[in-house]
Structures are given as C-alpha cells and as structure tokens.
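In order of appearance the chains are A, B, C and D, and numbering begins at 1 in each one.
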Amino acid sequence: MRYHETPLQVRFHEVDTYGVVWHGHYIGWFEAGRNDLTERFHLGPLQLKERDLLAPVVELTCQFKLPATFGDSLIVQTTMERTEVAKLIFYYRVLQKENEKVLATGSTTHVLTDLNGTLLYRVPPEVLERIEAMRKYLEI
Amino acid sequence: MRYHETPLQVRFHEVDTYGVVWHGHYIGWFEAGRNDLTERFHLGPLQLKERDLLAPVVELTCQFKLPATFGDSLIVQTTMERTEVAKLIFYYRVLQKENEKVLATGSTTHVLTDLNGTLLYRVPPEVLERIEAMRKYLEI
Amino acid sequence: MRYHETPLQVRFHEVDTYGVVWHGHYIGWFEAGRNDLTERFHLGPLQLKERDLLAPVVELTCQFKLPATFGDSLIVQTTMERTEVAKLIFYYRVLQKENEKVLATGSTTHVLTDLNGTLLYRVPPEVLERIEAMRKYLEI
Amino acid sequence: MRYHETPLQVRFHEVDTYGVVWHGHYIGWFEAGRNDLTERFHLGPLQLKERDLLAPVVELTCQFKLPATFGDSLIVQTTMERTEVAKLIFYYRVLQKENEKVLATGSTTHVLTDLNGTLLYRVPPEVLERIEAMRKYLEI
C-alpha cells in the first residue's frame, strides 16, 4: 500500500486563539488530498458528476496527535481500502513536511449514488475501471 | 432610514491567533444580515433563483473599528441605498449587543442577472414591488 | 440521559455546489453546541483558560444521515459520556427543527491538559465539581 | 511597480451552491498572497509579533469581475502603495493561471500597532529597512 502525497501550507486564518490549527480545518485538508488523488483517475467530484454520479461522505473520523501552526509546510497522505464497489473508504495522514511527524490521521467513507442520492446497485464499468486503476496506483 | 437587526454569537473557530475575530468572517456576517432582511421580502437567494434571477456581489468594502472576540453577542444591522433598479447596494454595521459599540461597517453592491449571468435590462414587476416593499420597511 | 439543545440557522456560504451543507461545517456546529453547554457550567474554553487548563480535541467522529440546506433551522443536541476525569467525551446530534429528523450524529473526545499541553494527572477540585454539575444536568 | 505572485488551487468547499467560489473566500486568498510576500522580508504576522508589533486590517475592498470555480488554478498578485510609515496599503489581483483573466481585484489597509493595539508613532528602524527592501522588490 502506498500514499498519494499533496503539499499544503497552513494559512493564518486556520489558526485558532490557542495558536494551533483549529481541528475542523483538517476535514478540508483531507478533502484536498482526496480530490488531488481521485482527479488523476477521473474520479473527482466534477468527473463523477459528468457521469451522473455523486460520492457523498457518510462517515468521517479524525485522530489528532500533534498541533500544526501558521506557516507550517504539511503533507496530506491519502490512500484507500479495498471495499465493495459502491462504497469507498479513504485513509489520511497529515504530516509535517520537515520532520515527517504525523499530526493527524483520519478516514472518510463515501457511497456512490445517482444524482437523486439513490445508492447505486451497479457501478458503471468505466467507473469500476478507474477505481481499479487508482487501487493499482495505491498498491492495494 | 432604519436598520434591520440580526443577532449573532461569535464562534470559537472565528477567532484568530491574536484573540480577535479574523477579519474575513465579517463578510459571512454581512451576508447573514442581508439574507435575514431580504428573505422577509421574498428576495433571498433561493427566492430569486425561483424567479431565474441571481444577485451576485460585484463589490464589497469593510472598515474595521474595534475587535470582536469569542463569546461576544453581536448585532448585524443591514440597510440599503436607493439605487437604479438592476443594482442593489446594502450597508452594514456590526455592533456589540451589550454596549452598542460599532465594531465594523461595510457595504456590498449586487447586480441582478439571469441564470447565465447576463445583466437584466428590465427587472420583473413583482421583483420591483418586493424591492419597493423592502425600501418602505427600511424607510428609504 | 438528556441532550442540551442549541438552535442554529444554516448560512448561505455553508452550502456546497451540490446544494447541501458541506460536511466539514458540522464540526463547527458540534463545537457551537458543546460550548453552549459547557459555558453554562463554567467549563467553556475561556473559563478553562482562566484556570490554566485546555481541553483539546483528540478524536472526532461524524456520521451523515440526511443533508441540510440553506435556510434550514436546525438543533444541535449535545450530551456526554461518564468517563475518567481527565478525559471528556461529548456526543452530538444535528436535527431539523421542523420535523426532528436526525441529519448527523457524532462525537468528540477531549483531554484536559495544562497550558503546555501536558496531561493532567489530577483535575482541580472546582473543575471536578463543575463537571459533576454538568453531568447532573445531563442526567448521566 | 511589480506584483508578487502566489499560486492557489480552488478547493471544493470554497464553491457555493451557484457553482462559483463564494465571494468571502477571496479575503483569505488576499491574505495568503500578502503573507507569502511579507514573510520574504521578515514582515509576516509572526515576524512582526517577535518585534512586539501587529498590523491589523482596518479597511478592505474587493471588486469581483469574473467567477472562479472548483479545480481552477489561480494566481494571487500582491503589491503595495508607498504610504506614510505606520500604515501599509496592499493591492491584490486574482487571475486565472491559464489565460491570465482577472477575476477580482482588491485592497487591504493595515496600521502598525504595539501588542496593546496602540498606533506606533515611530516605526523601529529595522522594520523600516525591511519595508524599504520590500518596496524595492516591488519597484515602488
């Protein structure tokens, strides 16, 4: 298994009154990492939409280990789990670029639906192929 | 001229590392005040959309006088200027509820367009009526 | 066990391109509910800070059931679990005010630390008393 | 006069229900551009803080020309005006990287204060030198 890496700079307004990044901002960073990965396999939000598909988040988890602060250069690492086809589970790690210390880990679980939000009972073959290519890249 | 008032609580994650509300969050508060006003006259974003209209912001200004911080109870005051019909200018004041001190003032300028973003050369009569009712309420 | 309730209005800029509230915003809503509860027992972020204490989030989970959209009136329900003293676990539910449908559930786990981030081995008696009073209110 | 350039990717959650970036997010982008510039001259927020100085925003303006959307690669251009010493005025342009179309322009006005928020009547010589170096770089 390998991680796809996305670089990130902490912005001033992401830091709270205690001088550390407010925990909710990690959710946006996970998403930035995930979209950076999925777009390479034509599975980004817009590319799914073109195929009349959505992949809403149904569950998220996040574990906070060490704080980040303004000016930090970070890396979001994204990978996924091999799951049944209409469900996608992504895993994340946020690291300090400088020393590779892990600041946070997390996951998001997505289901594939049509534009009305109805769960797909059958994923279109080209979408399956793209997911398979993404898995190959991630070595899972 | 009178102001429409919308109450507001400062949230923890709106406060920056200097212990004061980050200046960009006032833009969202102006919008909360504006939508609270316009919805009463069926001129909110969704109500305009139903009429195939949009009112995008084309200009904004904000003057910061005094800081707000976590836990503050604020009031957003919203009013507007009498302008030509396809253009709306709103004015805002953000006050401490407790002592009525003005923390910030600002303005947003909006144009009325169709769903393709083309400026309206003629505003539908019912929309004009609603704008007129809003002006009456604001005594302008 | 009972839930403390905090009302909430969905803001325009919280809604994403699919017309539903972006999932990351629920984290801020959970926090709004939690702070509304804890401040009543002098256990809010500022009140802890006065006692040289912090309560950082070490873990969060969120399950998304149904979407919220612009203009929705919501209720954040907050309660907590009875845990060992230097650790606090809060549970949340976000409901549509109108029909009480549950849109999302979640949890945050916090540890009590001093201002250097060192875990407390002993919680100050007055803080324990406040936590006990909060538990009584929540009937846990 | 020249502009300092900072690249930027539009994130999914910055796009609103109309499919375009919500106008308030430009304020954070201006700040990202400004900090990227000022840090090169040891005038970033943290570097000023080390000198017991703050540079709060007292005024901001923004003009919106064309929309940005999810996935767009943008450039924030930042420059400044030659002003009296205890006041800094920055100008911004946000461009599409691909075709250099200007999406928005804007400005922020900052005052230099001590940590209590009192306006400086005299700017420390090293800070003046750094500002002068930044002006030279910007050819103003």
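Assume contacts are C-beta pairs under 8 Å (C-beta built on N, C-alpha and C of every residue); 3 or more make two chains touch, one makes a residue touch a chain.
Just so it is clear, the model here is predicted, and its values are computed rather than measured.
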Far-end chain from chain B, centres as C-alpha averages: A
Shared interface numbering between chain D and chain B [over half = same, under half = different]: same
Interchain centroid distance [CA atoms averaged], chain C/chain D, Å: 34
Distance between chain centroids, defined by C-alpha means - chain B, chain D (Å): 24
Separation of mean Cα positions, chain C and chain B [Å, integer]: 29
Multi-chain contact sites of chain C, meaning residues that touch two or more partners: 12-13, 17, 24, 28, 31, 45, 70
Interface residues, chain C side, partner chain B - complex: 9, 11-13, 28, 31-32, 35, 39, 44-46, 70-71
Chain B contact footprint on chain A (complex, rising order): 12-13, 15-17, 19, 22, 24, 70
Of chain A, residues touching chain C in the complex: 17-18, 20, 23-24, 27-28, 31, 45, 54, 56-64, 67, 117
